[in-house]
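Notes to accompany the following structure.
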């Protein structure tokens, strides 16, 4: 089957889903995100052969938010090795909301259940090596440049500041983990790195290209160079399936069935073996924190192109 | 790549993993299971072309236990439709042990998080249509006959009785769900059906063939007849990935990466698209309830034949 | 200070609180209780000198419901001794609703936190000695006769049947505890005894007299005979303070400050050292399960007569 | 009955309980507390008539730790009024360990269940009025001077620093509550005040005198001046009974039956209406965090002098 779509198809699908934005809402707990326009919808498919099809607000920039968790995980796995990373963070989905703290108390030993919930992602970012927060952010940004094949990508500092100031739940998670030896060092510095990592700003094509590297088993699309070792890219994709869509990961696996990671900016990055990377964005979120129209667009794409891995 | 193994390879791998049986233990809370021999190891791969490779205690019968949850789910989906089934049971992994009751209390609305934990499986079996428990068990057994292509498969009544008498946790789950309108009718009759469903006794080749039908997208291997509609077979395989190995499903997805379901008899059934069904058995269980050597054999198979879907 | 009230005062207070019945509602989950009239309010103070002041629907019968938990506890302590009773049931308040099951799973060792939540009360009733359910119910009833000084008290069998049939949450609690060795024997027989114990029907004066025996340190008001050993009566009163009003026990202790136990029939029994027993009834319940007007009447009594133990 | 003891009796009881220190252990998670000598036992009864009987290491200073929660509560109630205080903190015992965070997540609305667990105590200290942390600490210290009738009482700054640096769990609790609007302002400043409040250092006689003020319904022992309004002193004593001894409050109420508050320094302050204040200290703690010998001494005192309020 030809697993390609045309720009026109993407455009039609955007028109089709646009009315559903009103079923969700733009999150209001991060001031800088609250002003996003729910109709700023975009979608892109970046094929392994380099072709990129896209439609909607294709030049609009949005922040990675939780999508950055997958990228930081890949980097931490490369820096520290699987054994160390998984001595601090588990591999199991939780069934709880992403910001939940209760399981840290009831799990024995106390460690975050996986790297896709906030607690786990904070522990992973804590493993990024660097002399200073600036160093670590620089390292993360360089890695994003490499994955997207684009050195112009930067940080939305307004979003980063806004998130840093309101990150009290994340502070609570960090101090809880610091008490239990899961994270080390300064919590404020860690949150500085983490909120900047979340605030890396991309357009839809850049995001789709990052997804394509994961789809391509970690190899650069042009040079073929192994940016992420194959088995580590696979680990990342596995987490995208079991825990990538917050506590809607199970139903997403059934309805869509591709490795994907969402963020509260309304973006979702997907990756499909032998096909490429997919990116969608639509700021209106459902109650689990996933983009309403993003989920619908991915369901349509998966269904039309038969993308499910199951 | 040639995704086939030889009987000799399987035999060698069994010898290789045999010493690890002592890392787990045969469960003692069900008297009839407690007397299993931990060295009764067997493995089988049933290819879509009909070829079956197998090694170890190939004639030894063991009970399906939780593997039957996938089969009952397929039947309930066919009988009642997706909408009804998922109005009573969720789609999300839990991160809790399979017999846990706490989330029934804290989830809103109160329903089991997925059909692979005991609560969800009981709710699913409650949906099997039939005039009487005998009818329902007959229906489940006929379905197993169809999947395995073998009408001789029956129930180990000693195991069924033993489980029925000690099923107090399952009774607690049932009454809790009855209170909340998730299940209807007689709890004792439901447990009668459920414990018999768990006590269906198969050999390693029969189990591999059932897995092969799922791998074959629900079609019979010989006739090509669609026993399970393709989209329902896919739903079943998705649950095997996200919740099939109890609260070790996440790490199994990373280490092995194939849809699989385990049971406390020490059996595991896997299914691999374009390849076939895989069955392993080894009664010694780890603390999560999965066969120690079964996990190792599947990891070896997945690694040598590159079976991971990720 | 003269710690006595007049009938006229009680009558005035009833008129005062009557309008507040509409702030709560008569519980609808037990059909036989659902038809109670929310304005069937009564109150009684039974003094240690034998004088009984009362007002409102003084001849109206209502069921003990959870108030029976204190009586069964006294009997079990007398039958089995403190050590045995507290090997199966804890002494700590929970902060959870009375029918909660989650802490049974998370507590280690698994035992009900106290005898006033349903789980603990079921475990206590399971300790009442007797050849048969009829025997045990007879024993409980005789004990109530002794406490109330009235052999005419019986069981409201309509309420008992209604509760027995709908007691699925209690069945869940029982089977969970049976699994963990907290209770033994037939769950259905236990629930038969328990629902009959809850359905013992009294009028307001009888209930106040039972409270007076606890206030009198376990001694009969007329004969002075020690019906309950003093130290066991004290244990019962302690539980009334720390856990007697469901998960509103803490605020009740602050607002009222006397040992008291409520039931979902809208009755509350209190006991005040050197004063006597107090009973109130008003079927309209707040969201915690306590009588709205009962709480108000007790607060007025405690405040006017300075009854708080704190 | 003569509710007085002699110094000789107290001395004998100390000898009697001393061997039991080895059943517990000195807490090691706060470095400055870890070096306490488990045999530094002292006990004191401060009668309402001004007489003070005491024995053991009577000149030894120890820190208030959680006992300060009662004092801060009294001050906050006086500063802010009941309504405000209880809009932020509940009145119910929890059954959970004092440092637990899980119920903050599961309770609705999210507020600490009572002012005796760490979360609630932090919220209470956050209500103390003052321009700066120094102001607030000064206010707390003046209040302690007033209660103890002794202006020499100060802060053990070594303990305060040690606790401040290791207070990560408390930081987690604070940030969680800040997110939910329970506390306001700087978390670090709040922890500065809180750890100093916990580090107020007293001897056994001073502590007993503080208890005596509560026993005396808030009035100064000498002048009779109302330091704490009577109804607020009563609220404090009620919390001591329902939640004063961490998650052993229920069993303490049964075994001892007096309002009391313990701290991880091994001190316990009790107060008995019409009798006076009691203080015990013994640094070896049981697994709930209460002084092993302190509990035993109070049980002996309560039993010999018949002090139970039940």
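Each chain carries a letter (A, B, C and D) given by its place in the written order, and its residues are counted from 1.
Criterion: a contact is a pair of C-beta atoms (placed from the backbone, for glycine too) under 8 Å apart; a residue touches a chain by one contact, two chains touch by 3 or more.
Here is each chain with its UniProt name: A, B, C, D = Glutaminase.
Note that this is a predicted model, so its numbers are computed, not measured.
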| query | Chains shared as neighbours by chain B and chain C? | reply | none
| remark: Chain centres computed over CA atoms; the one at greatest distance from chain A is chain C
| field | Interchain centroid distance [CA atoms averaged], chain A/chain D, Å | value | 47
| chain B to chain D: how many Å between their CA centres? | 55
| task | Starting from the mean Cα coordinates of chain A and chain B, work out the distance between those two points in Å. | result | 32
| remark: Touching two or more other chains in chain B are residues 106
| query | Line, ring, star, complete or other: which one describes how these chains touch? | reply | ring
| task | Just spell out which pairs of chains touch, all of them. | result | A-B, A-D, B-C, C-D
| said: Could you list, by residue number, the parts of chain C that touch chain D in their complex? | reply: 90-96, 103, 113-114, 234-235, 237-239, 241-243, 247-251, 253-254, 257, 259, 308-310
| field | chain D residues within the chain A interface of the complex | value | 100-102, 104-106, 168-169, 171-176, 178-179, 187
